[in-house]
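Would you mind keeping the following structure in view while I ask a few things?
Labels run A, B, C, D, E and F following the written order; every chain starts at residue 1.
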Amino acid sequence: MSTLFGSDRPVVVVAPHPDDEVLGAGGTIARLTDAGREVHVAVVTRGMSPAFSDAFTQTVRAEARRAHDHLGVTKTHWLDLPAARLADLPHAELNEAIGGLVKDIGPGVLLVPHVGDIHLDHQHIFLSALVAARPHQDEFPETVLAYETLSETNWNAPYLSPAFLPNVFADITSTLDRKLEAFAMFESQARAAPHERSVDSLRALATLRGATVHRSACEGFVLVRHAV
Amino acid sequence: MSTLFGSDRPVVVVAPHPDDEVLGAGGTIARLTDAGREVHVAVVTRGMSPAFSDAFTQTVRAEARRAHDHLGVTKTHWLDLPAARLADLPHAELNEAIGGLVKDIGPGVLLVPHVGDIHLDHQHIFLSALVAARPHQDEFPETVLAYETLSETNWNAPYLSPAFLPNVFADITSTLDRKLEAFAMFESQARAAPHERSVDSLRALATLRGATVHRSACEGFVLVRHAV
Amino acid sequence: MSTLFGSDRPVVVVAPHPDDEVLGAGGTIARLTDAGREVHVAVVTRGMSPAFSDAFTQTVRAEARRAHDHLGVTKTHWLDLPAARLADLPHAELNEAIGGLVKDIGPGVLLVPHVGDIHLDHQHIFLSALVAARPHQDEFPETVLAYETLSETNWNAPYLSPAFLPNVFADITSTLDRKLEAFAMFESQARAAPHERSVDSLRALATLRGATVHRSACEGFVLVRHAV
Amino acid sequence: MSTLFGSDRPVVVVAPHPDDEVLGAGGTIARLTDAGREVHVAVVTRGMSPAFSDAFTQTVRAEARRAHDHLGVTKTHWLDLPAARLADLPHAELNEAIGGLVKDIGPGVLLVPHVGDIHLDHQHIFLSALVAARPHQDEFPETVLAYETLSETNWNAPYLSPAFLPNVFADITSTLDRKLEAFAMFESQARAAPHERSVDSLRALATLRGATVHRSACEGFVLVRHAV
Amino acid sequence: MSTLFGSDRPVVVVAPHPDDEVLGAGGTIARLTDAGREVHVAVVTRGMSPAFSDAFTQTVRAEARRAHDHLGVTKTHWLDLPAARLADLPHAELNEAIGGLVKDIGPGVLLVPHVGDIHLDHQHIFLSALVAARPHQDEFPETVLAYETLSETNWNAPYLSPAFLPNVFADITSTLDRKLEAFAMFESQARAAPHERSVDSLRALATLRGATVHRSACEGFVLVRHAV
Amino acid sequence: MSTLFGSDRPVVVVAPHPDDEVLGAGGTIARLTDAGREVHVAVVTRGMSPAFSDAFTQTVRAEARRAHDHLGVTKTHWLDLPAARLADLPHAELNEAIGGLVKDIGPGVLLVPHVGDIHLDHQHIFLSALVAARPHQDEFPETVLAYETLSETNWNAPYLSPAFLPNVFADITSTLDRKLEAFAMFESQARAAPHERSVDSLRALATLRGATVHRSACEGFVLVRHAV
């Protein structure tokens, strides 16, 4: 993976909720860690009562830990902001949470959810991640990519919300199985086909994104910025 | 199929080259003919020497005839304009060919290739089909839909050419197998995976388009116009 | 109206404020109820003091009731969220209010305001309505359409906010008069020409949307999603 | 009309076919000539046999002359390129025809058809007019505006072809009647309602474009460039 | 400056934070005041503790006063809403603050930040300014233009956030030096090259926007609406 | 230059006319050749009489040779298609010319003009280059980038033609001088400021594109596709 992800600075994957990072970039994460790269996952929100029970939240976290282990994630960071309520949070808090993380880790590559996803949490995180990545000093993430999240990205309004049209294709032929296994570990989140959030949909997406560039399996991304 | 395709006037599928109609709408065609609807396919171009040998052209036509039979197509119309050279043809000729067909058949539903496809033939046919469908008299196709063609639609430039963002999803669960069989009949055109023009890619696309609306298999379309 | 609105499940029209539903879809509502369809209007907000006096709010509601009767609306649902303050409300409350209604009624067709309208209430309702309509289970609204609201849709920023470019045209020749009468019943809301929110503007819009498809009068919509 | 049209250099209106200039800018032309401005109309194409009979072409020209007189047009220029065949013409010929005219007249304001119109002649003329207006020397048209042509602008594909979203509104309250009379003089071109190319549609469009800016009647334009 | 800025009603420049008005429109402001026009600057926010110290806020205000004097600004209005927290403010407060100002001054021309800027304050102010400028009565700003702010406009996401593509170019050859001097007076805000918020970047931008229309220096704007 | 340009396969820069490659990518070319990469320039057109004299064409070629030497270009390929007439050429000829070159050289990176440039030659070359780069076999250019050409890219219609919004920034601090020198060698093409095609404009563009990512000088590109 010697090109777009090519610097040896760490990679940070920003996930609104646990499993987004696997849905959108699980295969790429595994490929990067296979190659010895340092990959951090930042889970921005935490399910909080009354909307989410503590037990549920603990379950999801345990699932995430297993999945991240399976993919070789270097470290998982729990930012613990309230799930499904980022739109109601003082915006500066979200900026600080993500900005602090980016400053601490100093990633060369930043993977973020897509601003056109139907979930407001995704939209707000996208914007805050871009704020965190502003090139107003010498060191900033030289590569910012938006990933695709089944059950979020395709459920917004065609032509009325920002479109996800992938222009970066990461070959995950060697890691697709591990991605699907990692996703299946989210037993509380995964659904049966034909739900978009199912192993079958995820496999079909990988096949399709791969075929676009004559590969067996890919993850697609939209490039936000690359400084070289 | 009582809604968007709902009138009892005929359906016309405009195909730049044989197999586009199957790639983009094969499952929908079968579903419509299963329901007793009259479905016409208009193949706009013909491979001509020196670019294409007569033998090759005959082979493809025979494949198309088998595939259309398999899908229950009412009638195939061969417009015989020169393949890969529509951009060089006097534009009025293309308008007349498609316009004449639309006038003769009087379809209620018109399925056309996508204007953002990478092949210029597709782009010119889209425009001429819209000219043929202009609502400047009482009778015109009340529904115009653009279909998606693997190996054309995804190979244009993201964000720079018109995007294909499906807003109409036709359930083809009951006809997917027949669609894939029909496509496989184009032995001269089908490729092995991971080529986009393969049975595997086509199946993955159907799974993905289906999952977006919680169905096992769909074909996606972009609505151009619907008068009701 | 046997096509796009074709299922026999109910129709729900989501109105940010009373009269939006008439401005955007009054003729279509009347046509549907004429045909015996069940049409619900959900008025999302309520004018609250100090911004709005109780007397004013009661007046508008009485106007809405008369107008809805005139159009044959099956039932009006008052969600009673605070007008002009949806952006400040916890987002989950709006999601729950609209989501609950959609779950209770189970509409086949959902008419929503346009996300590009200048009023933030319209934008937030659009998003929450899409969340409510997510196809993550077997039953969901198979058709979602955005309507056009004079004095909101044209007052946002051309090319900078999402464009309203109608691709669905509902013939309201038989119900235009009733639509204009219903709108005139909103004496507290209607303005004299050349205000956009006037009977004259509304008639001109119907003529223009109609002419695009060779009809005497239409309402235009943007298709968000149609599963068939 | 002291603002966007404000220089005292001449105005040139480029019309693909006779009547486009009246449909799109007839009221503005009359307002400008009322104010003593020099307004030129360049009719780019001429109907040629066999597609158009000489008699027909003579008829249309006579109609155009009457209409232009009625609007006070300073001079009409007939560029005599073949109608409906600009796409087949060597592109340099069109560039030279429009470029020569712009060089000769030296307009401060250039009104052009919209690139998103369904007619290829309109699209090619838009591009050539922009080439003619390139700011590569000191003198060039400081204002370039695209006008809206009923029966062309609304008949292309929503979201797939360039959108016409007016950001300039010229008040034609004082000249609307003259515009409609001028259009009616094109007896060979005007159609009865509900055709888009009818007096009724044209009046509705003026009412609607006016209402957007609280005026009784306007013509809408899209600004391409304004140097001030 | 006899055209787009041509009425003799006042000009209002809405600045989210002090220096935005100079970055985006400093040369145009100077050109207008040189010509005797009345130009108001409305600074919407105020840095408030704990995020900003009082001393810092006083420093920036003093810098702004000097810069505005240098450009000949008629009057500076301090709206004193909390900086970097507009997204958390009740939206009606922002609407009232800007709406009140627009009502009091009655500008003919309104210059606003771009909705696609990365800073949420800019986005919210754009929307509120448009609400304040709604043409729902006889008197409203006949011209609304969005300006370009280095370090905000270019740092959002290409193709995913609204694009800034200038279509209005104001020649600032005669006032560029004064603009750069005014910007340099913001010693607490200006940065050294290659920071975007530097004198060198600002000069390069003026050269580039000028060259597009064959002028030595320009400021670029996007036209939101012009009624003439 | 270890990232987006990172494979060790050759780089091909496709130039419609001599000097486009320098305007758009001269600094990047020099940086790549400094690093020992193989860089080919394909000049697609040749000025032909009567539009261009042989002497003029020879002059420009000599200028190009000097400029390419200065930048260390490995080899220049003259495709000799007729300048300013690509739109009139059989489209297959252009496809074959560019397709043949891509097949022969087998580049890993392909730099192409922008599809939104005002010159039709640029638009047609963009499309043909994408056809040549289709991923329908194992070997294809893994990176396709569109470059920016002063006097072409900014002169098309904002919001109506495809926008150039750079998402890739190549640092050319070390090679800017050489780029400007190479451009100045095109004595027949370079113009004095404030023409866009001037050394001053080119320097301003480099400063601005650099500042966006906190670098002294950059060239901006739009990513079309990157397979990694």
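Please note the rule applied: contacts are C-beta pairs under 8 Å (C-beta built on N, C-alpha and C of every residue); 3 or more make two chains touch, one makes a residue touch a chain.
For clarity, every value in this text was computed on a predicted model and none was experimentally measured.
Undergrad: Can you give the rotation angle that fits chain B onto its twin chain F by Cα atoms, in degrees and rounded to the nearest 5?
TA: Angle of rotation between the two copies: 120 degrees.
Undergrad: Do the two copies chain A and chain B share over half of their interface residue numbers, or under half; same or different?
TA: Same: when the shared numbers are divided by all numbers used, the fraction is over half.
Undergrad: Can you give the whole-Å distance between the Cα centres of chain C and chain D?
TA: So the centroids are 36 Å from each other.
Undergrad: Name the residues of chain F that each touch 2 or more other chains.
TA: In chain F, 135-136, 155, 158-159, 167, 195-196, 212, 214-215, 222, 224-225 touch at least two other chains.
Undergrad: Which stretch or stretches of chain F touch chain B in the complex?
TA: So the residues of chain F in touch with chain B come to 90-92, 114-116, 126-127, 130-131, 134-136, 146, 162, 222, 224-225.
Undergrad: Per the contact definition, I'd like the list of chain D residues that touch chain C in the complex.
TA: Going by the criterion above, the answer is residues 150, 154-155, 158-159, 163, 165-167, 193-196, 198, 200-201, 203-205, 207-208, 210-212, 214-216, 222.
Undergrad: For chain A, which residues count as touching chain F in their complex?
TA: 1-7, 135-138, 140, 142-143, 167-171, 212-215, 218, 223-228
Undergrad: Within the complex, which stretch of chain A touches chain C?
TA: Listed in rising order, the residues are 51, 84-85, 87-88, 118, 120, 151, 155-161, 191, 195-197.
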